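Below, chain A partners chain B and then partners chain C, in two separate complexes.
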Partner chain A sequence: MTPFYILQTDVPEVIDRIPGAYDHFILPYCAGIIFCLCWLGVGLVRVIANLSSSDRKALLLSFVNPVLIWKNLKDIFCDCLLHTKIWKRKPLLGFMHSAIAFGWFLLIVLGHLEVWLFAPRHLYLDNGSLFYPIFYRYFIWMNPGHTTLRGSLFFFLMDLCLLYVLAGIGLAIFKRFRSRLLGMKHTTKPSLMDRVALYSLWGIFPFRLLAESFTADLAGGSFLTLPANALLRFLFGDNLHFMPWWWAYSIVLGLFFVSLPFSRYMHILTEPLLILLRNAGIKVRHPRKGYAEAEIYACSSCGLCLDACPMNVQKKNLRFSSVYFIRFLRRHNEKKVNRIADKCLQCGKCLALCPVGVDSPAIRRRQRAAYNDRLAFDYSALKAPVPGGVSGAPVAGGGTPAPAGGKVMYFAGCMSHLTPRIIKAVLEVFRKAGEDFVFADENGGLCCGRPLLLAGKDRAAKTVIEANRKMIMESGCTTLVLSCPICLKVFKEEYKLQGIEVLHYTEYMDRLVAEGRLTLRKGEGSFVYHDPCELGRGCGIYDAPRRLVEGVGQLCKAEKEGDESVCCGGSLGSLTLSYDDRKRITAGALDNLLVNHPDRIVTACPLCLKTFSDASSDVPVVDIAELVAESTARV
Partner chain B sequence: MIDFGFYLTPSSTIDLDKVDRKAVDDLARADSGIRTCIACGSCTASCTAGVFADTSVRQAILSVLNGRNEKARELLSSCMLCGKCMMVCPRGINTRHLILSIQKYFDGQ
Partner chain C sequence: MAKNIIIIGGGPAGMEASARLDALGYTVFLVEKEKALGGHLARWDRLFPEGKPAGPVLDSLVGNLGNTKVLLESDVLSLNRLGDSFRISLSSGVSVIADAVLLTTGFDLFEASKKEEYGYGIYDHVVTNADVEEFFRTGGDPRIDNPQRIGLVHCVGSRDEKAGCRNCSKVCCATAVKQACELKAKFPAATVYCFYMDLRMFGRGYEDLYLKAQKEYGIRFIRGRVSEVSERIDKTLQIKAEDTLSSTPLRVTLDLLVLMAGMRPSREGTKVAKMIHLATGDDGFLSSLDGFGGMQATSIPGLFVAGAATGPKTLPDTIAEARAAASLIHEYLQKS
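Now for the complex of A and B:
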């Protein structure tokens, strides 16, 4: 038993056990890490070189902006090491990821700290800084009876971290066979190189434990390695069998680093780069180069998007999930990439659930645009609507004077014109609130441009957007109310309407209620609210519609809601999804909504309303505007 | 030409020897909707662009079937892909994909 105090201060605590601090067993590891670093360097140059010059400038500027520096550090720490995003949704899975990432990180940092404290000259490149801190326990001999409290603390911490990582690895191995118990229904099929990297990753820490245990009586250890050392000595009769284990440890490390650039584990090293690029405000411009390349390599292929994708109510559609889209992009498999890109509903759930934040819907749109943007179009005959219809006069609201807020414009959009019940209800609410408003496209208007953007016809979309924008800016309105979330998203993101507030009608009605201009009568009915993709995940509006529903009745919960809400299946995002596949998605979405047996389904999107109305035979589907209109008395 | 006692106006005449059936077959492979269409006209009735310009999926499909490829292309050039036709189609045709397929097929011809 070694005492935890200093006997003689002039005697060194750590003595070099191996003269020259070198042994051949480090070679596999060194080869692996050197190869990996070279590969990374080339990759980094490629990504930066493929950014546009303005994006490069934005990236450089982000490095001197204190707010962004803090955000970068925080995001890298929380996302790459602690994996807070996974913790929030699936705690066990979060523990597994953070144990491996943060635990390994701590092992590396503490290992270097130990070397810095006890053998600082080995932190120089000519003294083996590349491998010495990794295999520190092999090279040293603890002077018996001279271990300080400081040294013991490090032994304890290193063993604790090793246990932490081993717990994560244990869960990971368990997950490979029983993913459902960790909250994942489907997991990805690993590719060959994924398997090589995976099995070497599984091997690294058990081999490290064995190797350090064998030398624990020489190099020191704590609660994990010392008992293991005693056990091994008991099993083998002596402790001279350590060499194979240090070789094995080095070989699996080397193998892991060699396979890393070709496997899913590339995300460990690419994610920090992606965070830097994203925080600098860089957007995806090309489906394969620059920012997209960083996203492709940052994808951890974890498969959380498999359970997220609404298409996967049918198992045959698993292959169209984001994880496989990214995988085929990485492999330059153009044919499969195009097929998968066109299939996606653009509901954005994979992005909402992605722990890395890979915006694969955006990459898919860029992939679509790569061909479709070239297609010819002729919009010369189309005219932007005249606000107020052919009569040209604004539709006055019930003779009440206009409120001080300024003029309000209502833009219904194509889909609302297909579901006139929404328009009727919205107009009724406008009149009941005594709002002075203009109905922009009462007699037909232009499309908002979002469906064209979703199909990749960017130039055509720009033409339509410009015409609508001119009409709105010239009308002199200060508030624009929309009844279609598809329109809302593009109006907010692409129209650049300076000085005009763009609101969805749920936000607008919620405000009317808050201002006391609209009074809701609370009834008996129970409702479930369906978050439309473009309204919830697209524009982040979750609370206003719920407040309105709670104002008129009892709000039930759906199985999955908020940013995990399931697409209704009617989305304009998909270009190739068949009618039958859509019907299956709608049925799945309805099952999700009806778990708590509500009286009615409420939604806030004309497309969802139409899709659900066609499919739901037992439970009636209504729009929030209808609900508000029927339970409002005039103030 | 044999005199049947009646004739078609030249603009409505379809000369089956000159009609390009290859376009129909290729497009049917790209999207079977071209064959499932019953020409009910719901798409045309609900068309957003149709208010301003001569836009019609129904007519475009018929034009392709009749070998008037240029006409089909013109009829769809003002389409904004808003998707209303897809929502109203009683045959469940993915009209947006069909329109894009036709545009792609005749692109550059």
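Now for the complex of A and C:
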């Protein structure tokens, strides 16, 4: 009987089976990995070289910042290996990704650990470190009767990991044919190189199982490889047919690494780079170079954005989805890229659902800016008031001086001026709460700049932002309340209003209720709340509006809500989408809201309000401000 | 034996066609959903271009009906074909089998509250063209309270893709100029502005009306759309617009804003068309066979159309189409 553990250490556990630790079959793999590493090296240099010098500095600094180091490690582990983002939304799909990524990662780590423990000299380059740990089981012979518990543990772990990966591969093959069962309605069309890489990826682990099974009686194995070895011996009579399988394993690995840079699987290697750049605070500046290049190659082409995009209520619009935008960018197809960039509604749902976090709306804005930012604009009126016309600079509160003390400024914005019922309701709530406030753009104000930024007109936006900022900073207010989420986003992100708190009126009213300055009367009605894109995904405000709605009635759920909420179709983000297409999107969004038969639809954005009001014939649409105004008594 | 004809819609087109077909000896059933005949004409005070009162025009249309069987307060419940004839049943319980059907379902006025930026239904002193006619007809509207500054906005719900209305409504330009003059005559001290995109004064006497409005009434025409309206504490209205001829933004304070609501396909007409499987165009109006010789015919034999049901029309256009339809129906019934 084999002793369970042997104390003698002079007898080697592992003996080199192949003298010189080399065989020709490793060549395809070596050629593949060397090619791939060279390509990656050049790509990395390109990305870094195309960053601006300040971005490069930020990247370097992030490597010495302990908080960011921890965040980098955590993000890379969770996003690249465990794929927690996919797990949260679609568990089966998450399992598939983590099985392949984390399982493979473990196989590589454990494989190297095994070599380090049992044949450490092969971890040096001149002793085959490039291929030896990969084909370890081919090169060694287990000394019978001298297997330690340590060795058996590795055999077991390696088999376990291999099974884990094989389960993932099995699901992946299944998904290719039946994507719906894994929760995906649409899936992308793979390109030729995608197919080569995909089929090699499918082949790698089954071939590895076969190859290692054939040599399991020589090199050791566990619950998976040993029974397989017995079965193969039974089928073939002996176990000496292993060469073709090791060749096959090496060839598919080589093929995979050669096709990798030209396929969607490039995301496996690019995603960690993207995480490092993103955590360093780098933003996209050019639609194709630097940070964008990292994003483009980090796109896994998974197609989750196909189901996310609100335009895809019509199948003909699938081609405008982010995944194809990124694909055409990668191929430098300028004509298609421009067309797709202009079509997007900028609702941000593809970004919210993207497992890699590719900010394709931002890349589209950069692409728009490449042309639109060069267009001429004339804001000379901002400097000199037009005689007899609208005075240039906005006047705070119609000339009334800002009151001293708790100074609150209300800025309605253009869209609220087009939906006067919102302004009326907000002012009523202000009065009922006894708030001392100034109405910044009562007699007309300037655009907040966000629509210009969405169109890629950065310089024009900067001009109006400066003018508005000056007006606000000079007013001496400490709180700025906005009724339009489109304004809110740009005020928060671009205005740099030091010392001034910027709030959406839902947050502000929610605070008034919490402070006891407003009392809501709860009625009978049931409401569904529509998350406006710019408020929810744009500014992360989901709870305050819901608390207000729950204060006045019963809140029912939409089919998709929160960060999966569907754009109303009225978005200012699209430059070219036709009204017919928008109508379809609006109809789809209404269906999504009405699944639980609410009495009224509530929203918190003037544009959503306007769009839904025009399209909803049966169910009335109201703004939260109206709802609060009608169910509030003065305290 | 006298043949039966059903005419759906008791406005000017329906009444005129009824009168003609009745005179030719047919049994005509005129179906109207309201309590009285007349359609929009019954709610109008004066007609462009000369400002002729609408009352006598309506009275003569009603007076010519002869033996026409008028079915008031009747909604169409169903309309379908039975071989070569048609069967209609009405909410009043009546059902009729007829040899020909004429749709004169007219138009609906654009709901001005849909252009929320103009504040109709939200601000106190915003009215529509129909409200102004009502004001002149009945003499009272608390919203029109001795205004000194009046603005008329053309093309509200016309030529506006965002509002889902691409078509020009044809009659609003002349109506706006007419109402501007009438308001000026009523409130002589007032300043009256017309905000227009293009002035389409195409008919006989329309250009004269336009010149008179400028020379005699001093109406101020500003080429540019109103972008938004807000109400001040004293209930006056502040409007923002652009004078596109001088490329300057404008801010004007007004006491009264009149919105020239455009013509939309009538809801009833769309409903009836669906019942009988008559196609509607992209603009929502009913489709006639073609825009030239087949204007009053449809793809369905025995089914005819006249008036604003097939697109915006002036009153003379509508009456002419009703007569054309009557003669076409006569021809059709003689052959069958």
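Of note:
One rule holds for everything that comes next: the second predicted complex is superposed on the first by the 605 of 635 C-alpha atoms of A that agree within 3 Å, B and C clash if a C-alpha of one lies under 4 Å from a C-alpha of the other, contacts with A are read in each partner's own complex, and residues count from 1 in each chain.
Rule of thumb we're sticking to: a contact is a pair of C-beta atoms (placed from the backbone, for glycine too) under 8 Å apart; a residue touches a chain by one contact, two chains touch by 3 or more.
What you are looking at is a predicted structure, and each value in this text was computed from that prediction instead of being measured.
After superposition onto chain A, partners chain B and chain C are found to clash with each other.
Shared-chain residue A:457: touches chain B; no touch with chain C.
Applying the stated contact rule after C-alpha superposition, one finds that A:418 touches each of chain B and chain C. Of the two partner chains placed by the overlay, only chain B lies in contact with A:572; chain C stays clear of it. Of the two partner chains placed by superposition, A:204 touches none, neither chain B nor chain C.
Measured by the number of chain A residues touched, the leading partner among chain B and chain C is B.
Once chain A of one complex is fitted onto chain A of the other, the partner contacts of A:610 extend to both chain B and chain C.
Applying the stated contact rule after C-alpha superposition, one finds that A:446 touches chain B and leaves chain C untouched.
Once chain A of one complex is fitted onto chain A of the other, the partner contacts of A:375 are limited to chain B, with no touch recorded for chain C.
None of the stretches 3-11, 93-101, 201-209 or 219-227 of chain C clash with chain B in the superposition except 219-227.
Across the superposed pair, chain B and chain C both touch chain A at residues 381, 414, 417-418, 443-444, 579, 610.
For chain C in complex with chain A, the touching residues are 114, 116-117, 119, 122-123, 161-164, 228-231, 238, 240, 248-251. Against chain C, the residues of chain A that register as touching in their complex are 381, 386, 388-390, 414, 417-421, 423-424, 442-444, 579, 583, 610, 613-614. For chain B in complex with chain A, the touching residues are 46, 48-49, 51-54, 77-84, 86-88, 92-94, 96-97, 100, 103-104, 107. On chain A, the positions that touch chain B within their shared complex are 342, 371-372, 374-379, 381-383, 414-415, 417-418, 443-447, 449, 451-452, 455, 457, 460, 464, 570, 572, 575-580, 607, 610.
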